[in-house]
Amino acid sequence: MSNESTFSRRTLLKGVALAGSMVTLPSIASAAKETLNESGEATTLAEVAYSPNAKVTIERRGTIALIGINRPYIHNRIDPETFTALGRAYYDYDHDPSLRAAVLFGHGDNFSRGIDVDGFRPLVRAGQPLISGDKVIDPLGKTDTPHLTKPLIVVVHGDTWNMAHEIHLVADIRIAAADTRFGQDENTHGRFPGGGSTVRFVHEAGWGNAMRYMLTGDHWSAEEAYRMRVVQEVAPNSKEALARGIAIAEKISACGPLGIKTSLVSAHLALDPSQSEALSKLDAQFGTLFHTRDFQEGRDAEAQGRPPVYIGS
Amino acid sequence: MSNESTFSRRTLLKGVALAGSMVTLPSIASAAKETLNESGEATTLAEVAYSPNAKVTIERRGTIALIGINRPYIHNRIDPETFTALGRAYYDYDHDPSLRAAVLFGHGDNFSRGIDVDGFRPLVRAGQPLISGDKVIDPLGKTDTPHLTKPLIVVVHGDTWNMAHEIHLVADIRIAAADTRFGQDENTHGRFPGGGSTVRFVHEAGWGNAMRYMLTGDHWSAEEAYRMRVVQEVAPNSKEALARGIAIAEKISACGPLGIKTSLVSAHLALDPSQSEALSKLDAQFGTLFHTRDFQEGRDAEAQGRPPVYIGS
Amino acid sequence: MSNESTFSRRTLLKGVALAGSMVTLPSIASAAKETLNESGEATTLAEVAYSPNAKVTIERRGTIALIGINRPYIHNRIDPETFTALGRAYYDYDHDPSLRAAVLFGHGDNFSRGIDVDGFRPLVRAGQPLISGDKVIDPLGKTDTPHLTKPLIVVVHGDTWNMAHEIHLVADIRIAAADTRFGQDENTHGRFPGGGSTVRFVHEAGWGNAMRYMLTGDHWSAEEAYRMRVVQEVAPNSKEALARGIAIAEKISACGPLGIKTSLVSAHLALDPSQSEALSKLDAQFGTLFHTRDFQEGRDAEAQGRPPVYIGS
């Protein structure tokens, strides 16, 4: 990077510092610092070619990154390895100065059916966070970890359930194929939506609409998500949905990247403080439910193909 | 309750306690404690059969409670006795371990035309809260009092005005019959919406939409409420609306009750802190208006069937 | 004003003071004080007749004020003089006891294309706020300055871009003519939406919908604004839109003015605390971008009619 750009980045920090209140300075300064990589932390997002073994694929198209979930043989369910690969891709994208927008999608017939419960069992049993490490960004956007400072567009299709719906809610702009089937049905399984829907689904769709689906476990369509304003556009099929997501990414990519970042910083400053506490409690709440009799009953009933019988303990 | 369930309830409290920040522990712990009745505070929601004298009816259907407002001869207007009966029903429902969902509705041609102003006059004149006592939950969800920790579904039809619209906004899921006529028109009467609409109507419908109706006093339809996303479903008539509300309650009732509670705790944790101060001021603001000349002018004009003339004092 | 009204105003203050928590007392007390002009600060909103030289026209119709932006020869772009005239009109309206509602609109073919960047250049370069002085209310509703305590209705048509869209978002009720073309495309120009859209557009339309337009710079229609619930009504043309805005103002004007003010105070109390910090940072963030190379590139590209090339510094 040129001296000119270094100067401007310092100007940005300085200008923000002059603005005032200490309360928000750390987050803004840290956002700027992380993004602008002043201390040489710049990364390069490495491509990961499509192969049956690549749980997450990464393709670079100029200033845009395409990130694909790729476990179609189990409906793109997300195990710890997939989750961490996503978190690492987000981090590298966010710190790669040559990239300006990212598009997340799913390979195969579905975006994703959500968490691979058995895969995460050891972590949850041990009370560990679902993701950890230095160079990752939590795909569920819990606020104790760094979060994306660059735009994320998500393109969904087919089954988009539970943790997958919650990963989709973290995205800034959301495109759905007409065949998308959304679900946030943990409560029918003796669990609860512990990946952010109790916060972000309520924010985007309203209390009543979010509760109508979270508390019953009923699934809903792409049109209903559009009506509830959770998705911004419905495309006829997954191929066209991805094309729309990429077209939007290209438009963002043509904008001034500092303005884009500042837009996100400002909007997060208005929204995040009221959400951070609820988000920070989710893992503990999920962990508590994990140890109940009803959690196991939900798993057993699913395995045995019978309706669960919950007793509230 | 079995030892097993007692154990799990303690596990829940313990798991939450491990989660961290002292800021939210009290509210979560208290929600859990209230709900789980560890100190033997369990209640049984008593049925109240339909009769012309029962201002609030209560019917149990397995794990579901049906709560009916029953003053059809004055359009289900809510006087202190009705309000307290509702508050007591909410409390007993919330503390009855055998119940998992409740449905609120109105008998007769209307859900309710709202507050019985004359009935509440002595309380407001004396600066008393609209509801008080140990074993009640405020149907308007002011945050200084305990609030429901279990789901409430509301089914409205016919006139659903003012305090009745605000009681409906407290519910988690809202179903309206196609004939519902909503109103929040206190401002035309020299009062103001003092039961939560300035907070919850704005949250669910947006600032502009809520102000468009609250500041003019114009009424609106079930379809418009659905468009503004305040109600989740419009049914052809009141009978089918009630059937839909019960069907949703049954689905909730089949879910794990701890997950359901945790979903509500988490969502309230994201939303309530920013709302509590505004909600806690409403009674005093209403009381202040009550003593103005314009408040009396609104009453007089209504009684005399003439347009009111307000002078701003 | 009569003794009776003075008494009632004191009653209002006293009643609010009795309500409790010190946290909100200052804002409520100050809102009441400002509005009620106890210290003799009452103003009279002076009419400004339509003429080619009047950048802002003011017409009184009984208890309603019509405020018109009038620079049609440059698409009603807002320079410092226009901005200050608006701020002064808001202040005088708010402090004129004989006025109960205001309607903001634009003369000519457009509501406004937004900020006159060159006109504001000296102020921004010097790090000055966009508006200052004792007797003004910031038309962008930054929270450090006094804000309107009476209702503002906005009627838009034609191009309604950037700062103009943000001034429109401050209004309590919004009517759009069917030909309205909305835009919040600063990011395509190397700037960012620094007038409140990162806060208020997100609140009214949801995160995804606001980002979909702010991050791409795509424009949108009146129907889309209605669908996203940013505007409350779409009228066939600008004349009918203005008539609808005036009709709504007349309804508000017939309500009890103390109830109307209390409704606004209560709703602001629920919303403003979470927004104030983000709003207070906007000027500094805009100022920082103003000094970047990309800001100038945006200006140059526009002047030269070529696509800009941004480098992120």
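When the chains are written out, they are named A, B and C in that same order, and each has its own residue count from 1.
One rule holds for everything that comes next: contacts are C-beta pairs under 8 Å (C-beta built on N, C-alpha and C of every residue); 3 or more make two chains touch, one makes a residue touch a chain.
What you are looking at is a predicted structure, and each value in this text was computed from that prediction instead of being measured.
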What angle, rounded to the nearest 5°, describes the rotation that places the Cα atoms of chain A on chain C?
120
Call it same or different for chain A and chain B: same when shared residue numbers make up over half of all numbers used at their interface.
different
Determine the centre-to-centre distance between chain A and chain B, using the mean Cα coordinates as centres, and give it in whole Å.
34
Which residue numbers or ranges of chain C touch two or more of the other chains?
203, 229, 274
Of all residues in chain A, those that touch chain C in their complex:
1-2, 4-9, 11-12, 14-16, 18-21, 23-24, 28, 97, 151, 171-174, 203-204, 229-233, 248, 251-252, 254-260, 262-263, 265-267, 269-271, 273-274
Contact set on chain C toward chain A in their complex
127, 186-193, 198-199, 202-203, 205-212, 214-218, 228-229, 274-275, 277-285, 287-289, 291-295, 297-298, 307-308, 310-313
